[in-house]
Amino acid sequence: MRIKMGKTMLITSVITSMVLIAGCKGEEASSTSSAAAKQLVYGTEMEIEQVNPVLDENQEIDSLIFRGLTKPTETNDIAPDLAKGWEISPDHLVYTFTLRDDAKWEDGKPVTAEDVKFTLDKVRDPGTNTPIAGDFSEIKSVEVLKENEVQVTLSNPFPPLLDKLKIGILPKHLLQNEDINKTDFNQHPIGNGPFKLKEWDNDHTITLVRNDKYYGLKPKLEEVVFKHVPDPNTRALQLKTGEIDLALLEPNQMKSVKEGEGFTVHTISTADYRAVMYNFRNPLFKDAKVRQAMNFAIDREAIVKGMLSGKGEAAYGPLQKSWANSPQKQMYAYDPKKAKELLKEAGWKKGSDGILVKDGKRFEFELVSPITDPIRTALGNVVAEQLKPLGISVTPKPLDWNAIKIDQADAFVIGWGSEFDPDDHTYRVFHSSQIGDGLYNMGAYRNDEVDQVLTEARIADDQEKRKVLYGQFQKELAADPPFNFLVYLDALYGVNKKVSGVSDRTLGHHGFGILWNIEEWDKQ
Amino acid sequence: MNEQVLTVKHLSVQLETNQGKKQLLKDVSFNVPRGEIVAIIGESGSGKSMTAKAILDLLPRGFTPSSSSVYFLNKDVSAMDKRQKRLYRGTQIGFVFQDTYGTFDPMQTIGQHFHELFSAHMKISKQRAKEKTVQLLERVQLTEPERVYDSFPHELSGGMRQRVQLALALALNPVLLIADEPTTALDLRIQADILQLIKDWCKNTGGSVLFITHDLGVVAEIADSVVVMKEGAVVEVAPVDQLFDQPVHEHTKQLLHYYKELTETPKQTGLFDIEPLVTVNHAKKTYIKKKWFQKQMIKAVDDVSFCICKKEIVGLIGESGSGKSTLSRLLLQLENVEQGAIAWKGSLPFRKGIQWVHQDPLASFDPRWNVEKIVGEGLDYWKEKKENKHQQVKEVLQKVGLSENILSYYPHELSGGMRQRVALARALLLEPELLILDEPFASLDMSSQANILSLLKQINQTEKTAILFISHDIRAALALCHRILVMEKGRKIEEAGAKELSDSVNFYTRRLLSSMPVTHPGRRLQKQTTEGEREYAHQNG
Amino acid sequence: MIKFIASRLAEAVIVLFIGSILCFAFIRMLPGDPATAMYGDQLLKMSQADQMRIVENLGLNEPLYTQYAKWLINVLHGEWGHSYTTGEEVKVMVTRAIEPTVVLMLSSTVIILLLSLFFGMVTGLRRYSILDHAVTIASFLFMSLPSFWFALMLMLFFSVYLGVLPTAGIGKEGAGDWLKHLIMPSLVLALAHIGYYIRILRNHIAIIKEKEFVWALQARGVSQRKILFKHLLPNASIPFLSFIGMSLSLTLAGSVVVETLFSWPGLGRLSLKSALAHDYPVIMATILLCMSVVIIGSFLIDLLCAWIDPRLRNQLMKEADK
Amino acid sequence: MRRKQKWLVNGIIGYLLLLLVFTGLAPFFTPYEPGAVGLSAVLQPPSAAHLFGTDELGRDVFTRLLYGGRVSLAVGTAAMLISVVIGAGYGAISGFVGGMIDRVMMRVLDALISIPSILLMIGLQIFLPHSLTAVVLIIGMTSWMPIARLVRTETLSLKGEVFVQASAVVGASSRQLLTRHLLPQCLPTITVMSVSGISHAILSEATLSFLGLGIPPHEPSWGNMLMGVQNYVLSGIWWIAVFPGLFITLTVLAVTFLGDMLQDRFALPQFRKGERLL
């Protein structure tokens, strides 16, 4: 224990060795960098923790490695992908798919009907921890008819099924004996898509390389790198320096992002809207006039301009980005005077403190929003402020997701919208049969005409007829509003000027789907 | 022999503070001739240590000495350059200080201290340095020099550290040794050894010594000539015999008077009253000290029996570690006896009847309380006396010779003697029947010692308070007590009247007596006979 | 000595055990289950039954003590379980995160040591000089800066205005790039606590400077430089070192914020993320790892102090004997 | 030195008083309401109309700073009180009782101290819903540990002091020892810890709110004014981040200095001009 010398020596050497370690690390890091000729670097907002199309939705990388039966087109129609074609029974309940023969897994095994059945069974398996089971809940059964033929039977007609079947198919032979929630496969995916995994780095930077066994159009790009850059400004910065080629930007950056030098900003419209959902369990919202009044009280254009820097659109209904759109703008105009009148008609009078009162009840409610979502929280604030002059007292109440119980909240800042079939986010959201636990009509909205029109539109064969039905639906929705529609958000993608092939298809939630035609992308 | 090693001429030191300049040393002049021991004597605050630091030219920042006033071998110290100064301090002057612990770097072994000293002034191999060190340590009569070499300062006793300091000071054969109160904190026996070592060194090498002390006994024992200082100025310089026999200055006379008072054996002796106040019966207390893996039982108090009677002054003497303080704590019931019993027979309730003055009065005061609160505290706990507390406090302060204007002072603002008096006042306020004084003279000036001594005598007489006087200073015990108990290693080895004690046949007691410094330089020669005996004692210690 | 180490180690194990129980109980008492946080807004689309099913799949419906016992047995077998959110092995995730955190902490420690040794010493020797006043004010300022805001200001200056330093991640384009990415996070982490270090060193140097032995060394003719480096510094280093030990958990807490801000893929960010996601296995592992780092770190620093300071050595060994 | 210190003391006290006046009487100093959104004037740089500019919803930053100051100061003080009560109680019990209980309590304390506090806070935050009280509780319940440790050490060392024994000798009972000597001796420590506790709590509130775990966003506090500003800062919109941060820093700095001065004030009389050892 008794050491009489070299204490200073030791301290010095510790410091030196730390510096040395640091130095070594640097050397090591430098050797890993490699410049591929045609490499697209995508700066992702979310960290990619696993690649498995069954376990999550809205992850761009999934569709590069795993292809599904269908894929979207530029106009959001449905095109065949793994499926060569399909037949639909007249009652819209039985779908029979024929698979193409040249599709192969990376390991050389063919993609078969068994894989399709395995995937669709897995996603509906109660043992699978997945949030998208609901998209497939209408499926009653999946049968393998032949090696390349599979039949899906539904319990109820479900027009968006073909859209949903873009879900990546998993290889049964690699996963049948694995626990899908925990398997290594999720970090070492073996797919059938245009790209395959090359490297999965410590900090979740994932490098994909062109898959030569891919059956479809050969991608022009050689590599696609998914690099986690959570901070939008860093993304902007790295776009500028060329460190990344593609990234989602945020509206509040538009003031500072200087387009030009290295990249352009693609403003791509999405079907993703935000609205105030009224909970009809609260009698406060019973009177349609009250809800109409609140529609007139919101200055949507100001929100788009002020909050979104113009990168969005005022929302007038759920189908604004669909072919079935039938705008009811006049019912959503900013008209505080009219709002006041409507409230008066409904019997609300200002009390002593300026808050409306009717039958001894004050017009006040809580507006819940998820605290992790700054836009929704801000919208909650803005709505509260804009309703204030009318004498409506709204308390914004941002909460953690786990603390949010939507069926108990007075109102909620909700986000819906589907770029696919108009049925997708209408029937499930507004039909009264969809009230209940785990179903999507969370505000318990009930309107017989809406119910009827939506049901009819589901099984109508003719698109024109459907359009008329959806027109009726939108009209009724404006007269008896379930939501106070606020805004549609635009997706803002910064794209390196050297990259070509980016299309302006209407995208989904949070700008999802930008890479849908990755095969056609190129970089000089 | 007339060559002057050190000449101090009109040395003045000023301290510059925010409040202005303060003169600390005024026109100090004296010489240290070669081969002589010159003592500077004075009370605390008289500027003794300041003089020593000025001689080394190592005054703290803010202290400015007058220039060209210190000459070493006729060379002006202030005119030396940096290198010369280092050489002067390191090799030509050695120094020893009172604080045996603080002058060592606690993180380095004794060996490292030596090595550093050597390598600062010469090229030397580790091996050679060690050899030299061991030799030096042997020269200051340290047993097991090898072990000492590898020890850290805190692993040595105070006496050993003082020897090491001396060895360090003498390591490079200096011309002059400056010793600043080197023995004040030590037991008398060790003091005697150290003094002898210094004397021997002086005789053997012809070196000179500047010895700073407040104890006239030490002066009598060692000095050739004496410089008396008071309030930063020299009041008298004289050869030692002349100083003791024909003091000139008032202050010197005063000092001698105090000294006499302290060393005088009282005329009256024996018991006045045989009614016991407290009896101790076969009291026993052991501490368990764990060291590494073995347990060590330390018998702090081992089968001690005695009694203290009313109005009696009993001395309890012994060297440090003899169990005196433990015994006092047992008497106060701050700790409990393991075996035996302590019986209180006084008429007052026990807690009030026995009061205590701790050896470190400052530590025994709540630092946030002022004197009035400290002294009056006892009254708060004895309700019947609560009225006119202020008056009572004032009275008791008067009794111990303090004026009432210190009532609002805080402990740290008091001088050492005042603190001791305040502690005494606190104890006396409750009018106890027995006062336990634990080393009341430690760290007090001679004048304060003498004053407190007479105060105690007076209290004993007027208040009829019995006193248990615990001390390692056998001189003071002889001067004050009626009866004396001697303790060694937890045991009571002798009990005798103060007068009889000087004729004791007990070996240990004799040794204690013999290590007392002489009271007059003229008696110095007789002491030589005891040298052989001292040697023996050293070996046993 | 062995006994001392053994008793301290035993103590550390007990503390870890207590800590693991506290964490476990605490985390499991939280309302909301991992399913909620796992899926965020996707949760809206799940039924109660679906949520219950996931809870069951994760084995969270068993009594608390059974869960803890199972967890502890697994951990003792080196099996930390799988992450709820990613299904990845916790061991792998945590191991991956250790290196960046260690790099960050080491580099900030180097900054702290270099700066605080220099400024602490200089100001300790020259108290009340202009430099001392400046350093004192700067120390207090750094103590008062919210570290995340300081990080933002650094970004504003170095990344936005000067555009010289990157704001996120670990550099991979060679040593220069790597260093560039490291500068801001480690600076923020270091400067957040550097004020304390400087003050401690300064005050202790100032105190020790006045000690008698320093005076004695001067009187023996030992050179100033030697006194400073061989005596003043070692003596003042004890409180300094023990503060490093004490502030380990502060630094780790600081790294949570810093790593999150700079997207540094280390333990701090992992623990924050998993805490927010109720990812029990991961958060248990990260918390226990952080605790172990703190406990083992302060143990090592105690040892180091004891090695440097013989008095402390005695005292510690006495304590161990009790 | 003296004069400088006086200048410093006056400055600090002046700043804190001004802060109290301005935040307390916020409505008199600003024409705006803290929540009033102005979508036509978002992210305006500082101007005569908006002294410190406007934020992403067009709210006046200066106004929000004033109102936010109330929240931050209130949270800081309340959280500090909670932590001091828990910490002093825990430490005093542990130190005074001693023995096995002390050892167990200390091991628990060690365990708690070794968990990075921010993780504890996040944990508690999930436990308690977003609200002002919750934030106060969270910060209070996660920052008492250093106080507990200090109070315990103090109690322990005081128990062995000679002057405590001296009091016992003149007749003090152990209850009197506790109330007359031990507690008053601990009080300065506790007071100083309380003041620095305010700094700590303000910083914690800011950090929590910044991470989105603190005060709900519509209620302004200095911390949550900084929530989500990283984007804007990097876009060069500095005013919405600089001013709240500046106020946090200044306030914490002032309180820290205040604590330092109090420490000096409460130091034993003989050390009063001495230096603080942290």
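Worth a mention:
Order of writing sets the chain letters: A, B, C and D. Residues in each chain are counted from 1.
The rule is short, and it goes like this: contacts are C-beta pairs under 8 Å (C-beta built on N, C-alpha and C of every residue); 3 or more make two chains touch, one makes a residue touch a chain.
Not measured: the values here are computed from a predicted model.
Compare each chain's C-alpha centroid with the centroid of every protein C-alpha atom shown, and the nearest one belongs to C. Counted by C-beta pairs in contact, the busier of B-D and A-D is A-D. With centres taken as mean Cα positions, chain D sits 50 Å from chain B.
Separating the CA-averaged centres of chain A and chain D is a span of 42 Å. Rounded to a whole number, the gap between the C-alpha centres of chain A and chain B is 87 angstrom.
Note: centroid distance chain C to chain D, computed from Cα atoms, is 21 Å.
The set of chain C residues touching two or more other chains comprises 31-32, 159, 167, 230, 234, 278, 308. Shown for chain A are the residues in touch with two or more other chains, namely 231, 233-234, 237, 372, 400, 402-403. Interface of chain C with chain A (complex): residues 1, 31-33, 35-50, 53-54, 57-58, 82-88, 96, 99-100, 103, 106-107, 109-110, 113, 159, 166-179, 182, 229-230, 234, 263, 265, 278, 307-308, 313. Those residues of chain D lying in contact with chain A across their complex are 35-43, 56-58, 126, 129-130, 212, 216-218, 228, 230-237. Those residues of chain B that touch chain C in the shared complex are 56, 58, 60, 86-91, 93, 95, 97, 99, 102-108, 116-117, 120-121, 152, 154-155, 168, 290, 292-293. Taken together, the chain C residues at the contact with chain B in this complex read 3, 210-213, 215-223, 226, 230-231, 234-235, 308-311, 314, 317-318, 321-322. Contact residues of chain A toward chain D in the complex are 231-234, 236-237, 250, 252-253, 255-257, 299, 302-303, 305-307, 371-372, 374, 377-378, 380-382, 384-386, 396-400, 402-403.
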